[in-house]
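Next come two complexes built around subunit A: one with subunit B, the other with subunit C.
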Partner chain A sequence: MVELPNGFRGGDGMSWKKALIPLAVLPLIGLLAYGFTTDPRAIPSPLVRKQAPPFTLQVYDGKPLSLEDLRGKVVVLNFWASWCYPACYEEAPVLQRMWQQYRDKGVVVVGVDIQDTEAAGRQFIDRFKLTFANGPDPGGKIAIDYGVYGVPETFVIDRQGTIAYKHVGAFTDRNVAEQVAPLLAP
Partner chain B sequence: MIGLVSRVPSRKSGPATMPAGKPRPPAPGPRAGVAACLCIVVLMVMGAAPADQEDLVRDIAGNLRCPVCQNLSVGDSPSELANQMRGVIRDRLKAGETREQIEAYFVDKYGEWVLLAPKKRGFNLLAWILPFVGVVAGGIAVAVIARRWAAREARAAAAAPPPNPEDEPYRERVRRELDEFAR
Partner chain C sequence: MIATIGSFGLFLGLVLSVYGAGVSCLAARRDRPDLLASARRTALVLVGLTVLAGALLIAALVTLDFSIRYVANNTSRGTALYYRVTALWGALEGSIILWALWLTSFTALVAWRYRARHRELMPTVLTVMFSVCAFFFLIMTVPASPFARAWPVPPDGRGLNVLLEDTYMFSHPPILYLGFVGFTVPYAFAIAALVSGRLTSEWAIITRRWTLLAWYFLSLGNILGAWWSYHVLGWGGYWAWDPVENAAIMPWILGTAFLHSVMIQERRGMLKVWNLALIILTFAMTLFGTFLTRSGVIASVHAFSQSSIGLYFLAFLGLVLVVSLSMLVWRSDRLRGHGELEAPVCRESAFLLNNVVLVGICFAVFLGTIFPLLAELVRGVKVSVGAPFFNQVSIPLMALLLFLMGAGPLMAWRRATLDHLRRILLRPLVVAALIGVALYPLAREYPSALLTFALCAFVLATVVEEFWKGARARQRALGEPFVQALGSLTRRNKRRYGGLVVHVGVALLVVGVAGSSGFSLEREITLKQGESMDIGRYRLVFRGLDATRESNHDRVWANISVLNQGKPVTELQPARKHFLRDNQPISRAVMRTTLREDLYVILTGADVDRGTSLHQATLKVLVRPLVLWMWIGSLVMTLGTVIAVWPDRRAAAAEAPAAAAEAAVA
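Moving on to the complex of A and B:
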């Protein structure tokens, strides 16, 4: 205060130093802002664009179904459970409709009933009159092999056996049009 | 191990020199130190490679994030998915896989997100290093600022103008009245 000239000389240095404080804080704020734009519940699957893990499903009332046998088809692999309300109840009619509409065009819909009892699973299938292949996943082997963390989750596998798309939540008609139909183009 | 440890004090302590009824804890001799070291080594080895397979399952599951939980490991979660994941770990151990292979399997399926502690490489190193960098930088900053403040105080004290002789009567009066007040 007393030494004004000195204070002025320091003034330039101080303003430069003061500018450093927000500069140091900016990256931190940037990082936090970026954190707010991401959904903490969204877990990106490392499996997309990778080869779909092989599996064999013991279909309810049917022969065992292996992914290998479906090579050359577009496979819509849906993980569901009878206790998964309402999402699985919303998508079941969508899946059934897709199966009816696209089965002659090279689409196979496969349902894997995870963390469920057989009785409840069968009841669910009867309720929605599902005619595509559905089967249980004892021990969660298939689900864990696909990195499933909840129901419903749906994987769209292309004709070459590569996972083209993963959908978390109820599968919709829009998903059918945007993610399944394009894969059928010759 | 236990036998060795319990024998060491009885050999080292001198019961004859101790007053009766006043047990003195024996001074730990070099043998006790060696025994303690051995104990620690054994415990560390046991910690690194649990003898029981169930322990190993729990150990591996403890490092994996339960996908359907909030901040719970696969080892701690009672959820069905965590239960099934423990089953997968068990099966893979039985099939002869190592901890690293099993962790790699889950990373393959769920991404590195599934590890409770990020791997110490690449960008993740920031999470391991930055806290220590922050503590050291903060310590240095505090030291520098404190030193600067102390220097400024010293300078201010040195630069303080000498007491004005004209003030002396007033000073004297303040002192006197304070003295009176204290009495």
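Moving on to the complex of A and C:
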């Protein structure tokens, strides 16, 4: 049988202070709920506002491309993989559009295919008819130098060779407008 | 077809759980045995529904029914049959079915086992258990349905997470969940005690075996997790203080504290509020563990998926804590213990210290685990708390715990004079000192390891002495031969002597941990075909590479000959698996195990030099001493638990007088 607690009758059953004990749990729950709003994977890059690490990319069907060759242009360096679904698949058309729209304005789009096989990478490029430079990263050296944690990640490098912005996740048209376009001002 | 029946079955499970909870609650208020009988039958039906859901999902997995999203995400055409079955608990939705299976089984077991006893407690016990069932069925019905459809139906699935393609996949999650779910039972009885006002130690005595078994499975689950980490993840380690590892060890720590402090309550009627609070927190920790793994709130190697169920778990966790603690506060006036600490040195104070230390360790681990969240909230920075913090905090406390583990069982209840203590501890301490001296030349540079070895020797010596003294006494008094005396000694007090055997197991495990933490050797090297490298007493010669194609991955391995001081010892073949689906190769470490050490080899890179077509391999080689003793220790713990849990021949008759005596004392 269940008893009714004294406190409900207004007697001297429960002291106020004791009633606070269960409620002390709530701030902890609040803290954990705060955790829903954060993304533990969104790690800020220490490379922002620093010189972009140099690299040489063995472009598929092309000459090797190094970062020094591109000094003076705005470089959008995109790390992707053929198995990175759906984000890389969403951003590929965005990147291709950006390349076609801005190549005459001094923007170079470079894609680095990491942890992938050549066949799968080429298939990806053909599928989205990408015409900007893409190449593999055997040994993962370029990815390591840029502190790439996952795919896709995109680094926007300004004309002076400084990393202006790092984007984790699919690159969108809005990112193009907000992060790339402003750098084009001479 | 499968999906429809499955989803409906789970929804029905939700409805029936709510019905079961309602009916049991009514039975509690109105003393209606017929309602209780209905609840019992409902529990059985729930088990049936869960088994059905599990069987349906396994059928879908085995037949590769990609129209079900869970199947498409966790299997592929190349997945072997064994892994199709274990994919049941490979990801969130399926593993909740596993949890529900254990939970409904325990509910039914509790309902039927105690159907003729504990009339005042059982209705509320069942209310609580059905409520927890309802929560998990809710999870399976709304946010995490295992039978959700995939549209359009993909031609091939994504395959099982490559890290889970391991022979021991069948063991770690089910056993760990047995531990988690097991603690639901003492928790339900604790709440029933609070609600019904039967505030003696009755609830703790009834659930003694449940607590011990839940604790054991939680221990084994964690050990299996460490084993999996050691031989699958390929970094040569078994514990990284990863947030999800911490989430599984914290209920274990609190459960260990509870297991011990309950004994004080039984013997002396003390610590009633403490024990109730402890079991509430232990149960809450089991929920917190699942919350942490599934909510994506903290980054971890275990965070295989992220979904909205985090919100559900958090809400339920909050509800459980607020309601349970409120009830505890409400009853706290009537929970005054009637015993007192009579002397500073006695078994009670040893247990008390044990509890304080364990709860302290748990608090530190908890703080370290949620600290990244706290830091981000307060300072907006991303930090991570790693092994150094946890090691620094827990190792000194664990040393103290080791000492208590040895000395505690030797102390008398109520009062143990220092003189008495000195006499009984003298021999084990001497043994410990001798071990310390003997190992000094080897372990000079690792004082903490040396201390640990000495303390483990101390524990072993105390246990040997206890068995020896007890058996000798029986031999002298009853004329039994020594071995028989040992047997009957153990049989007469299974809890005590089983517990001592468990302590031995823990000490052996700690020996393994101490040996492999401090004294490991590590080398990374790239070898061309025919070259060799030396590490410790071993020489490894790289003979060449081989490759093969399996159903869903390519496998490259290196042939390594191992020599020990010139004599060939074994051939090892560390491999790299290149999964066609993931394009992320994973290494398959191999090891050669002896009592003394493990030789652990990982193939981190394999290449064929284009010019000379010579094979090349990059190896990471570790020598890890005494690792085998960890697994031996866990076997001994198993033996000890079996002894402690073994039913007495006249168990039923013994329980009734015990409970009555307890009621009289309270």
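As a convention for this text, the second predicted complex is superposed on the first by the 148 of 186 C-alpha atoms of A that agree within 3 Å, B and C clash if a C-alpha of one lies under 4 Å from a C-alpha of the other, contacts with A are read in each partner's own complex, and residues count from 1 in each chain.
The definition used in the following text is that a residue touches a chain if its C-beta (ideal position, glycine included) is under 8 Å from a C-beta of that chain, and two chains touch if they have at least 3 such contacts.
What you see is a predicted model; the values in this text were computed from it and never measured.
In the superposition on chain A, A:P44 contacts both subunit B and subunit C.
Comparing subunit C and subunit B on the residues of subunit A they touch gives the larger count to C. Look at A:P86: by the touch rule set out above, it reaches neither subunit B nor subunit C. By the touch criterion defined above, A:T117 reaches subunit C but does not reach subunit B. Of the two partner chains placed by the overlay, only subunit B lies in contact with A:G150; subunit C stays clear of it. Contacts of A:I29 after superposition on the shared chain: subunit C is touched, whereas subunit B is not. Contact with subunit B, but none with subunit C, is seen for A:K141 once the two complexes are overlaid on the shared chain. In the superposition on chain A, the residues of subunit A touched by subunit B in one structure and by subunit C in the other are 2, 43-44, 115. By the touch criterion stated above, subunit A contacts subunit B in their complex at residues 2, 43-47, 115, 139-141, 143-147, 149-150. Of all the residues in subunit A, the ones that touch subunit C in their complex are 1-3, 5, 7, 13-14, 18-19, 21-23, 25-26, 29, 31-36, 38, 40-41, 43-44, 81-83, 115-117, 120. Per the touch definition, subunit B reaches subunit A in the complex via residues 67-68, 80-81, 84-85, 87-88, 91, 107-111, 113, 159.
Touching subunit A in their complex are the following residues of subunit C: 28-29, 31, 120, 124, 195-197, 291, 295-299, 310-311, 314, 317-318, 321-326, 329-330, 332-333, 370, 372-374, 376-377, 382, 581-584.
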